[in-house]
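What follows is a single structure, written as structure tokens, with notes after it.
Chain lettering (A, B, C, D and E) follows the sequence in which the chains are written, and residue indices restart at 1 in each chain.
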Amino acid sequence: MEIMQVIGRLVCTQRVPGINHMHLRIIRNNKGKLLVAVDPVGAREGNWVFTATGTAARFACPDSSTQTDLTIEGIIDHWSPDG
Amino acid sequence: MEIMQVIGRLVCTQRVPGINHMHLRIIRNNKGKLLVAVDPVGAREGNWVFTATGTAARFACPDSSTQTDLTIEGIIDHWSPDG
Amino acid sequence: MEIMQVIGRLVCTQRVPGINHMHLRIIRNNKGKLLVAVDPVGAREGNWVFTATGTAARFACPDSSTQTDLTIEGIIDHWSPDG
Amino acid sequence: MEIMQVIGRLVCTQRVPGINHMHLRIIRNNKGKLLVAVDPVGAREGNWVFTATGTAARFACPDSSTQTDLTIEGIIDHWSPDG
Amino acid sequence: MEIMQVIGRLVCTQRVPGINHMHLRIIRNNKGKLLVAVDPVGAREGNWVFTATGTAARFACPDSSTQTDLTIEGIIDHWSPDG
């Protein structure tokens, strides 16, 4: 899993059915790249989170037919990007 | 999922049966690299989209026996690559 | 899927049973790196092709018990690496 | 599998159910990047370990419904990062 | 699949059950990075091999419950890293 920071929400009206009802978050990885993740834990802007990829990302959702390849699995209690 | 921009179509007459009937799009990632994605949402040239990889890419297609590893899952309403 | 160019064949007498009967091609990605792919479409040296990874690579083969993680899925009609 | 070093524990109260009961370790890869891994072998801070990704990461856990994409699979007896 | 060179063995007494009985090799990729692979073909130090990742890595083993994400699938007859 990777450690990333929540930046905001993604507004996306037109989607495939498999991702239709999930909240989408824009998150930033350690290189500054912006990614899109499904969020079943209710993370807020600025939160440091850890994320899973692959089949784990799908099975971490309440409905495992959610077609995601990146899911927020937890909110980190305390984190500083510089250690 | 990643945020990419649709560049055009890929013309490819000779294919494996598993990808035969799908529209293929050329899309560009945040590093400028050109990739090929299956498009079940009807994205147009210039659209900013988010894409999924892995098994999610296959299951996001109307027919999950589509042998893709990259699928456009939605068209982003508003996006600026510089934030 | 990624766009790559076929460079040649890979001669490899000693293999695991799961990859035994397939043609192996050496292909080059956009960074110049040489990779090994299974080829069910009959690509020739110099052809520009698109390739799939992961489970899609296996299911794109005529026999899905082929243990590949990279498969040529189609030959591109016209391609210039500079666009 | 990759060779990494255990740096510490990750404190993370709010998690998805799929990762609820596992110890989470912060580990560092060969580029200095910090990642989060599930640890079924009981590694300690400073240990050099090897890790698996993907479905192998899930199936390497005592409970294969653990939604991880990175798992410590073994502790290396002797290792020097410079060979 | 990728082309790598076998460097040596990995001594690792404490492992998860899923990887318990397999020979582990240290191999080097084209960037000089050292990785750990399962070896069902009996490669020797110095051999150039091709490797598979993901589910193909598991199914290429005699026992597909081997929890690996990188497996040596064949020994290349002749290879020069400079082509």
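We adopt the following convention: a contact is a pair of C-beta atoms (placed from the backbone, for glycine too) under 8 Å apart; a residue touches a chain by one contact, two chains touch by 3 or more.
Bear in mind that the values here come from a model prediction, so they are computed numbers and not experimental data.
S.K.: Which neighbours does chain B have in common with chain C?
M.R.: The shared contacts of chain B and chain C amount to nothing, since no chain touches both.
S.K.: Would you kindly state whether over half or under half of the residue numbers at the chain C/chain E interface are used by both copies, giving same or different?
M.R.: different
S.K.: Please compute the C-alpha centroid of chain B, do the same for chain D, then give the distance between them in whole Å.
M.R.: The computed centroid separation for chain B versus chain D comes out at 32 Å.
S.K.: For chain D versus chain E, what separation do you get between their C-alpha means, in angstrom?
M.R.: So the centroids are 20 Å from each other.
S.K.: Quick check: what residues of chain D touch more than one other chain, meaning two or more?
M.R.: Residues 53-55, 57 of chain D touch two or more partner chains.
S.K.: Going round the ring from chain C toward chain E, what is the chain order?
M.R.: The ring, traversed starting at chain C in the chain E direction, is C, E, D, A, B.
S.K.: Flag every residue of chain E that touches chain C in the complex, lowest number first.
M.R.: These residues of chain E touch chain C: 1-3, 30, 40-41, 50, 52-57, 59-60, 71, 73-78, 83.
S.K.: Which chain C residues qualify as touching chain E in the complex?
M.R.: Those residues of chain C that touch chain E are 10-16, 18-19, 24, 33-37, 53-55, 57-58, 65, 67-70.
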